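The data blocks that follow each hold one structure.
In the two complexes that follow, chain A is the common piece, with chain B as its partner first and chain C second.
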Partner chain A sequence: MSERISRRTMFGLGAAGLAAAAGAGALATRSTPQQPTTAHAPSPSDPFPFYGPHQAGIVTPAQDRLHFVAFDVTTTKKAELVSLLQEWTAAAARLTQGKEAGSFGAAGGDPEAAPDDTGEALGLPASGLTLTIGFGPTLFDDRFGLAAQRPAALADLPKFPGERLIPEISGGDICVQACAHDPQVAVHAIRNLARIGFGRVSVRWSQLGFGRTSSTSRAQATPRNLMGFKDGTANMKLEDTELLRDQLWAAEQDGSAWMAGGSYLVTRKIRMNIETWDRASLREQEDIFGRDKGEGAPLGKKQEFDAVDFAARRPDGQPYIAEKSHVRLAHPSAHGNAHLLRRGYNYVDGSDGLGRLDAGLFFIAYQRDVRKQFVPIQMGLAKNDLLNEYIQHVSSGLFACPPGVQDAGDYWGRSLFG
Partner chain B sequence: MSERISRRTMFGLGAAGLAAAAGAGALATRSTPQQPTTAHAPSPSDPFPFYGPHQAGIVTPAQDRLHFVAFDVTTTKKAELVSLLQEWTAAAARLTQGKEAGSFGAAGGDPEAAPDDTGEALGLPASGLTLTIGFGPTLFDDRFGLAAQRPAALADLPKFPGERLIPEISGGDICVQACAHDPQVAVHAIRNLARIGFGRVSVRWSQLGFGRTSSTSRAQATPRNLMGFKDGTANMKLEDTELLRDQLWAAEQDGSAWMAGGSYLVTRKIRMNIETWDRASLREQEDIFGRDKGEGAPLGKKQEFDAVDFAARRPDGQPYIAEKSHVRLAHPSAHGNAHLLRRGYNYVDGSDGLGRLDAGLFFIAYQRDVRKQFVPIQMGLAKNDLLNEYIQHVSSGLFACPPGVQDAGDYWGRSLFG
Partner chain C sequence: MSTIARLTLGVLALATLTACATETPASDGSAAERKSPGKVAVAATDTECKVAATEIAAGTSTFAITNGGSKVTEFYVYAPGDRVMAEMENIVPGLTRELIAELPAGTYETACKPGMVGKGIRNALKVTGEHTPLDADAKLAEATKSYKRYIESQSDTLLVKTQEFVDAVKAGDIGKAKELYPVSRTYWERIEPVAEIFGDLDPAIDAREADLAEGEEWTGYHRIEKDLWVGKDVSKDGPIADKLLADVKTIVAKAGTAQLTPLNLANGAKGLLDEVATGKITGEEDIWSHTDLWDFDANLQGSKAAVQSLRPVLEERAPDLVKTLDEKFTAAEAALGAHRKGDGWQLHNELSKAELKALSDAINALAEPISKIAPIVAK
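Showing the complex of A and B:
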């Protein structure tokens, strides 16, 4: 019975209260991840379904807050890893619906046991929490016998010009992306997964983010990054059904059947030299992006969503959109129509000890094949983008995110481990 | 005219639009900081008044997000410091009302100049932003001739048992606390103050926080800290008018007339060993706090706000509230009725490189005299609190927060510098 009561009613209920509450928190119905489960008008408090053909947290309209974690697997036993994935899946199915990580009622009933939920989200609603798991290239080494199942599309990223990656905050065997409208809910979820994983995984690195820097649905306004520009205007969005099929979701014919319905994730922590940027003129800033700062329109156009015209020239004969501008180099037309589904976040990690804020963009991008999408796009940017003067890539992650969990008998990664 | 238009309408308006918008963003009226300026039902988007006898951000109902910054003053010229305080005050008066830091319209009109706002909050409402300034003990050294004006109540904190303070993230000449319901708005404000201060101050340290861990009004529900317990049940609150007069606001008779209407601020970054805590039994956790985890009631009582009875004993003869429990040691009755107005925040700063989340509480407390309030309370806790096994104080800040800014002719710290 305690499986079905929501966090809101978890505590302080006697037996009668439990009985009354038992029908209230119906489990999520099977539907597409982008639809809230509730019948009333969607609110930021609502849950998204956990079960479905794809994992939630990819095309789900980007929530406002992020807690991203990368784990190292510390157990050497495949069976222990599989058990962990099963336990995590059960916890994630509860957490995303606004419940506690475990059956708190039972543990709460035994005061001599550690509670099987840490408690800081008690009373908080689901807050749109999604939990999305991915498997890093290192998981496919010789520890668990998975080498033959490493997808070709999970290709090691090349070294990009100018990057200065910090190994301690890069990579990882397993990642979990928690997105929610309330950071306490996202932090609570990651912390409880880490708690459940004790002795089998350890936290390699983690990152908080705020202020989503892309829209993943046309129903969302385009947000701004910490350079003050709208970001993600041309992002692949959940309404682009054919494009998602072609460029987001892995398919059986791609060579790794276990990934069908999954997607490949690249993360990059991109430090911004914001103090330098803030002293650049508005003209230079706009020339670098190729868009105007206020409206976000391509230079020479009026509206944010006006098509970019790379051939258009100003009265003085110069192109409106500079040859090395960000919008030109990142545009699908520069890379054989390669798209990304981005859902990054702004970050501020305090200060850097040199009188500057430690701030930037935690870039997150999903795609069908990193060799055809992130790698060529980023190589073009790393070589030529005018923006490079103001940014530095300091961390990198690469993960294969398996398909969704079908039902309560399924678990994260079953197609790989089962 | 551009002084009066709100951020929402700042961009993309022609002359006609500007004229129509000019009356829409009326300046804040003088009122008490805890009242939103708008006439409709308060929403998290609304502004709080900037002008008033006290600074906003102290008794203002605690907002959900924090960006706190400590600056070192790098100029040695008092006149430059005073100019900076005047510029900051003008920017703060705008930012807290949902406008840009400067007159963006003018700078936006000169593409060869750096914009005088960084832009990432364009389109976002005021979001309850408050900006609260404080002056650290080091500002009263021999650089600016202020030594004689250092308040006695701004007494250096003693070394507390067990603390392990990191100098690089402690202290500072000047602090600014930005609280808002949207982290992007709080970050934007601090970043623009840092930008304005370039060449005169540099960022010494900064801290983001989420999930306020205290209520400062009886209208707010008590939130939970990252140990999963309700925090701040017995906090001094804005409705406690007499108590605020006696224990929050500095008064002329305290000896430093320039601080009358101000308050003294202590910050402590308290790292939690959450992985260890999460393996402690529910009974141990509740005994340490002296409250039950679900409801937050004192042990032996039923409801959160039931009075604590330190004499009550269980059937087995032991006290319900352990002698070294947090609630007993921190209670005003243990310190001659000394209270604090706390408005701290949870933090997660990624991970610590040892497989653990770097998480805890950024403690913020306002008071009339640290010698009579924070120091004795914290000394009692540092010596005896059962909680010490699970926490570590790693940073400390101490600041004299001057009275409020009266009007557009006044500025932060005028009573000290003027």
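Showing the complex of A and C:
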């Protein structure tokens, strides 16, 4: 069996049709290392480069689907953990390029052996899959001798007012974020990584998401969250080169050399009280966000990207943008110009047994230092945001995402473990 | 007895409010009003509610309710649809309390509620005489006035019951304090949307532990709740109890001067049901005492009071909606009523998931039509 067999070349001539053929065309040029990690994939079925100075899946234009997983490390042997990271890296390099997880694949191995790929993505293109790894604060305890390596910027989050965190779906030693345009491709990737990890890691929690709620590129339209509002208009975007350098990527002078080129990730599962929100008047909804619902323009302005004017007042003397509105409290100007790169997703976990949608936002934000960015921003929101009446934070994750994998000889986290 | 002194004050406050109300030009004020301020005696017992008159003249009447029974009772005058025109709460056995009601011509019902539960013992009451129908604006003004009467009467009893609760806490009487905790909260939960207008007092009175940031001071009902049910020790809660009472007094004073609009009423009615949906059905409001159903009932009643104050306007502008609201209120009350236990309620943790879902469904069914009130009264 050829170890280079790809899902597309096996099945791409059938139902997958044109998109698959286009994907196969891209395959030939994809592996040139000169390609920047931030490149736009020409079509939603194409792959993004896996190797590069930064991990893909951060400034990569946000794909439509998410499967996010957090693992607890169960092995106590550092060598086992390192070999897992090496195996994962090899699998991720294949999966993100539309190939199967193992070299034999779902249907090509010994008939007496369980296949080394689970098979549900056969015939599907790469679908823009990115896999991004992060290390949680608990990995830096005394098990693996990493305590001295824990970055100061990976500071435990404080308790925020109003949060109701569920420990079973919070935290984790290691996370992997899988984003793709096809949910089956994202799920396939996480499923195969979890399978490779059995005995060394155990899945602590995972989360599916759909309908990206942020745009991370100016080429993307601003999407809507489940409250029906455009979210992330003021997000940090991949075109903002200087801002990314200053506020997204960790640097050597930050104190942890192994994180240079990496970024810090915060996840928050934010449950929405969908039913009570839907009964709120349009005026209340718009006052809470500080934007109009149709266009997404700041109240008092006409277009989505019009600059927000917090001083503007209505004829009756009240500010257009209420003091405790979401846009005012979340705006960089309220936090010494602190930005976040958000790439969250909507989620619906069915219903809650009380006849209500179990739904909300799976918030994902990358930044250079949580102490200067997420923490002050969220503290301001948690204390004052009018939106709090309709939302509740139920899970929290914090991870240090190392720099990118250079080439096939490199692996996820080598700068930390190597 | 300090209790009696407070009760008297309460009645005076109510009388003052009514007097103020009659001065407004919107009143149908004829000279007849002042000429025949009828006094109607009401003899209440545990089983009877004898009202001395079945027909009275339009205008201001005073009901003197004597509780000859063994249970604490309440007295109400209802307009059609159980819109509260006047009410007197907390009439303890052996006491006579006076209630001043301003009633235009029409048909009403009176009710005594021995034990303070249920629909009460009802009697028809006819009010006759000259009555100029209110124009649209006057009806809206009357709606807010009517709701302010409700706020006043609830505030009045809130003070009394909070005092009793605080006294029990400070006396270290854990059993009594636990009994009074859900009862005093009832009056608070009925008027909470108005209280929330006063920003930082609401958290001081009603914050839950999870609402706080690190290092923030925690005061109010739920702090004492935790000490009563979890720590089982309130010996250090004297200052917390005193502060609770002081905060409640402040908020009651502020509520008395609050300017309300019909939109406040509509949004308040919706807000109370949101509270039920997000806090009470999930059991998050009273996580240690599990007395969420007391709060649930109070929110529902408070919502209904706000809606019923708007009823004359709604009947004119959206009669179908009134019908729907009546049906859904009745259904929600019936769903909740299934969990009555003695004078109180089952505990939240005694309800099955299916029972909680039935309550959730009833609230959703009611809250949807309630959310349609605001645009109607804003016209």
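The rule is short, and it goes like this: the second predicted complex is superposed on the first by the 379 of 418 C-alpha atoms of A that agree within 3 Å, B and C clash if a C-alpha of one lies under 4 Å from a C-alpha of the other, contacts with A are read in each partner's own complex, and residues count from 1 in each chain.
FYI, contacts are C-beta pairs under 8 Å (C-beta built on N, C-alpha and C of every residue); 3 or more make two chains touch, one makes a residue touch a chain.
These figures come from a predicted structure and were not determined experimentally.
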Partner chain(s) touched by A:167 [first = chain B, second = chain C, both, neither]: neither
First, second, both or neither for A:348, with chain B first and chain C second: first
Partner chain in contact with A:389 - chain B first, chain C second, else both or neither: second
Partner chain(s) touched by A:229 [first = chain B, second = chain C, both, neither]: first
Partner chain in contact with A:357 - chain B first, chain C second, else both or neither: first
Which of chain B and chain C A:199 touches, first, second, both or neither: neither
Which superposed partner A:418 touches (first chain B, second chain C, both, neither): neither
Residue contacts with chain A in the superposition, chain B compared against chain C: B
Which of chain B and chain C A:255 touches, first, second, both or neither: neither
Partner chain(s) touched by A:275 [first = chain B, second = chain C, both, neither]: both
Overlap of the chain B and chain C footprints on chain A, listed as residue numbers: 275, 279-281, 353, 355-356
Chain B residues within the chain A interface of the complex: 10-12, 65, 67, 69, 72, 107-108, 110-115, 117-123, 168-169, 182-184, 187, 190-191, 194-195, 198, 202-208, 210-211, 221, 224-229, 274-275, 278-283, 285-286, 293-295, 346, 348-351, 353, 355-357, 359
Contact footprint of chain C on chain A as seen in their complex: 158-164, 273, 275-276, 279-281, 284, 353-356, 379, 382-383, 389
Residues on chain C engaged by chain A in the complex (per definition of touch): 210-214, 216, 267, 270, 274, 277-278, 281-282, 284, 353, 356-357, 360-361, 364, 367-368, 370-371, 374-375
